[in-house]
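When the chains are written out, they are named A, B and C in that same order, and each has its own residue count from 1.
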Amino acid sequence: MSEHASRRAAPRSPMAAPRSFLWTRRIFLTLLTAFVVLPVYVMVSSSLKPLEDVSGKFEWIPSGLTLRPYVDIWETVPLADYFVNSIVVAGAATVFSVAVAIFAAYAVSRYTFRGKRVFTVTVLSTQMFPGILFLLPLFLIYVNIGNATGIALFGSREGLILTYLTFSLPFSIWMLTGYFDSIPRELDEAAKVDGCGPISALFRVIVPAASPGIIAVAVYAFMTAWGEVLFASVMTNDTTRTLAVGLQGYATQNDVYWNQVMAASLVVSVPVVVGFLLLQRYLVAGLTAGAVK
Amino acid sequence: MTETAVAHPTEPAVRKATPGEARAPRRSGRRRIALPYLLLLPALLLELLVHLVPMLMGIVMSFKELTQFYIRNWGEAPWSGLDNYTVAIDFDAPVGQALLKSFLTTCLFTLLSVGLCWFLGTAAAIFLQENFRGRGFLRTLFLVPYALPVYAAVITWAFMFQRDNGLINHVLHDQLGIGDSPAFWLIGDNAFYTLLVVSVWKGWPFAFLTVMAGLQNIPRDMYEAAALDGAGVWKQIRHITLPSLRSVNQVLVLVLFLWTFNDFNTPFVLFGKAAPESADLISLHIYQSSFQTWNFGTGSAMSVLLLLFLLVVTGVYLLLTSRGRKTSDV
Amino acid sequence: MRRVRAAVTGVVTLSLAFTATACGGGEGSSSSPKTLTYWASNQGASLEIDKKVLQPELDQFEKETGIKVKLEVIPWSDLLNRILTATTSGQGPDILNIGNTWSASLQSTGALLPWDAKNLEAIGGKDRFVDSALGSTGVPGKEPAAVPLYSMAYALYYNKQMFKDAGIAKPPTTWDEVIAAGKKLSKDGKAGIGVEGSNLSNNIHQVFVLGKQHGADFFTADGKPDFTSDGAVAAVKQYIDLMAVQKIVAPGNAEYAQNQSLSDFAKNKTGMVLWQTPSQTFSSQGMGPDEWGVAPAPVPSGKPGQGAQTNSMVAGINLAVFKNTKNLDGALKFVKYMTSDEEQIALNKAYGSVPPVKSAQKDAAFADPSLTVIRDTLATSAAALPQVPEESQFETVVGTAVKELFADAAAGRPVTTESVKAKLEKAQQQMPKK
């Protein structure tokens, strides 16, 4: 792979594409767009309906529009608190996960050392652990750490950050090792000739060149933490509950507030989708920035 | 297990040329040796704390009779030897039968879901490789399913799949007139397809993202050379794009497989605590066997069996794909 | 060389950063005698409403005793798991609400404080509580694992206008009358009665009562599962037959698990529903209190009573003390406070339930006709679900069996005595061996 890893973004040949290609593309992308958009449309339209309407037959065009759900969502559950929790937890987990993964991937990609295979295989195999298997033990460990040292890991944001950052770690390390491998070693060699040590070579040369990979990994780490339900439902309490669990609060003992579920989902999704929009620019920029050749 | 070590897609390349390595002896030896370990240390500690030690505890639990009578002090729960395992794999008794059925369902589900995710992701990435109007918009739009919190997305699908009030039946039955009476999607046999649709909707953007990143590494001149040789777009995709994605795909398919196989969130939010038999995925099944029936010993035993299965599959997969790669490289 | 050192420093700093983040707040069971942690279940229309209802009462308690109560309202989806993990780790609240049907199961874990004579004395004695509610606090003959807090029972709710339109003069009292009324109501896309076919707990509540009416218990006297007796099979079949044979339940109800049957009722799509205290839901779905009526849940014949005349399970919430509490004295004071007449009246009024405390029941607030039906049912004709440690497993496996049978019925597949028995047989084999 490394021999043809040119650092240039590669659109296909500028030669005019044949009609068959254009039509296939048009049809495929149209269908795919419909598939992607459908639930989003349902969310938007249902979030604007009164409760009686959403618990009745589906209508494409809402008969009566109301902004009431957008007001009620803040009352039904402490959505703002959950939101802050999710941002803090997912954000911190992402930053640390990416940092730890960069170091580990650098070691695996650029050095040969005893135990390297054991490390990669072990880290990789943790992706196979069914969450159920270690949910309870992990909880017990956190509690015991808490009892022994006074560091409250269970029920706290910190415990969740630690858990989530580790969840995304194996894949991040793996992915980044691949990216680092594809960066020609001549680059860090050149940096070292200029007097850089291994760490500054990592940060000055490899990290910028691998930024698309790093961004992809960061996005992955963020989303892993953002959407996780099982561990969050057991490891959080009132004050640390994240959105993924908190949104379930709209289904209460008495009622499912479908319109509020949809409104809340939209409200909490908007910042994330905007975040993606911004990252897109970096994604593209990162790809061209790597052109040191 | 050591065979899987060959696994790393780019390992051969690393061994072939590592200039840093060649220079190593000239530096201060001890520090040189310590550095990679120091770099790995944080990752290692975290893995130990969150994954490895808990997993070992889980394995220990699987040999204990850890029912509701003992969970309060599980250290004192009596050892039960292989009892939990014999219950789990006694395929003539209902518990084992249900586990086997759930396992087979999960296999089929994973196969279809990964296949579709990969196909949609790859196709979309290739179609969006070249610039055209609306490309940036679509690229962002396609990431929306990935950006939505799982709970929000899945509950919306559950809302749409309701029999009497949902959009799906409104379209299929009321508007297109398919079927005599509206179908059930959240219970009965159709639940499998419901789960598949939701899982693909949620999962394919990841494949899209990964393949898109992989496409960036294909040098432009390869296409130019092919174009000079008179290869059309379809041919270029077949002969340049797809083969170049090989190593990306190797990783992608494997992680999609593992995530889909272990996915808990989707079926849990979609069906609640008791999934219909047709969509009873293994993770939810184990959850039910441990949390719902408070038998953490049997639940752990099932998890360990699942883990062994995944280890074997992954090992074989990596062995096969790596060998394939090596021969094709020659 | 310096750079290598820099690298090492970097790594060390990073690891320290981890430790630093891990040093933040967090909270656990309170150890100081001046605080208590209380896990409340979600009783009101939302978690926030629960907080608004409970917080003033907790403030009042603090004023009286100087003990501050930290409140956490936990959604039902998480409550049992949270209790289980608290049990496993020993780190939990001081006081907690539990569904009363979980009493025996949680009792067997040993995580809850047994209410021996001394502890009961501290809260005013056993005699303050209604008998039926006490019957759902743990395995009979053992010291109760919890005390009753709120009580509810099933009743038949009917749509007054739909009854009038169909020419039904008075609400049905027997199953035959329910079916007759249901058939009159089932026309023009409307249905006679609603069920929640995919809601495991609700399924259990209904088939348990029908089982009683057929003389069947789902457990033998010595606590062994007994799901396949003729009575149990007949009970389950009778419930499914409302959809499969009598056709007074719309097939769509088979997938209901989130109270959709209540919205159907509120939208005049079904004429009857068997439920526990749904008035809040009706009004949030736009149905006023004048539009529905309430009657005792049906029996095979005659009047509701004990044994085969049972027409409801004893539904409700119990209050338990976590055994690991470091503030037992404060916890007992809190339970005493929550079960005092004044608090019982205030809380049960807010939640539309009935106080399980005899003296509080007499309050005028519970003389409303819709609540007297429930009060009478609890007093005369409600039975506690089996008080065995395996109750929770029973709910899962039998509830699932009923759900699957509804799915069969809805898909038009025949549901026979044999197929019901086979499903129950399978459920029974999934129960833990004794």
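Operating definition for what follows: a residue touches a chain if its C-beta (ideal position, glycine included) is under 8 Å from a C-beta of that chain, and two chains touch if they have at least 3 such contacts.
A quick map from chain label to UniProt name: B = Carbohydrate ABC transporter permease; C = Extracellular solute-binding protein.
It should be emphasised that the depicted structure is a prediction, and the values quoted were computed from it without experimental measurement.
Undergrad: Among the remaining chains, which ones contact both chain A and chain B?
TA: A chain counts here if it touches both chain A and chain B, which gives C.
Undergrad: Between chain pairs B-C and A-C, which one is joined by a greater number of C-beta pairs in contact?
TA: A-C
Undergrad: Report the inter-centroid distance (CA atoms only) between chain A and chain B in whole Å.
TA: 15
Undergrad: Measuring centre to centre with CA averages, how many angstrom lie between chain A and chain C?
TA: Each chain reduced to its C-alpha mean, chain A and chain C end up 37 Å apart.
Undergrad: By residue number and range, which residues of chain A touch two or more other chains?
TA: 55-56, 100, 103, 136, 140, 162, 198, 245, 248
Undergrad: Multi-chain contacts only, two chains or more: what residues does chain C have there?
TA: 4, 7, 11, 14, 18, 81, 88, 90, 260
Undergrad: Would you mind listing the residues of chain B that make contact with two or more other chains?
TA: Counting only residues that touch two or more other chains, chain B contributes 35, 39, 42, 74, 164-165.
Undergrad: Applying the document's contact rule, which stretches of chain A touch chain B when the two form their complex?
TA: It is residues 1-2, 4-6, 8-13, 15, 17-18, 20-21, 25, 28-29, 32-33, 35-40, 42-43, 46, 54-58, 60, 100-101, 103-104, 106-113, 116-134, 136-138, 140-141, 162-163, 165-167, 169-171, 173-175, 177-178, 181-182, 185-186, 188-189, 192, 198, 212-213, 216, 219-220, 223, 226-230, 243-245, 247-248, 258, 261-262, 264-265, 268-269, 272-273, 275-277, 280, 287 of chain A that touch chain B.
Undergrad: Could you list, by residue number, the parts of chain C that touch chain B in their complex?
TA: Touching chain B from chain C are residues 1, 4, 7-8, 11, 14-15, 18, 80-81, 84, 87-88, 90, 105, 108-111, 197-198, 200, 250-252, 254-255, 257, 260, 389, 392-393, 396-397, 399-400, 403-404, 406-408, 410-411, 426, 429-430, 432.
Undergrad: What residues of chain B sit close enough to touch chain C in their complex?
TA: Per the stated touch rule, the residues are 28, 31, 35, 38-39, 41-42, 45, 67-69, 71-72, 74, 93-95, 98, 162-165, 181-182, 184, 186-188, 272-274, 276-277, 288, 291-295.
Undergrad: Name, in rising order, each residue of chain A that touches chain C in their complex.
TA: 51-52, 55-56, 75-78, 92, 96, 99-100, 103, 136, 139-140, 143, 146, 151-159, 161-162, 196-200, 233-234, 237-240, 245, 248-257
Undergrad: For chain C, which residues count as touching chain A in their complex?
TA: Of all residues in chain C, those touching chain A are 2-4, 6-7, 10-11, 14, 17-18, 21-28, 41-48, 71-78, 81-82, 85, 88-91, 258-260, 262-263, 266-267, 278, 280-281, 284-286.
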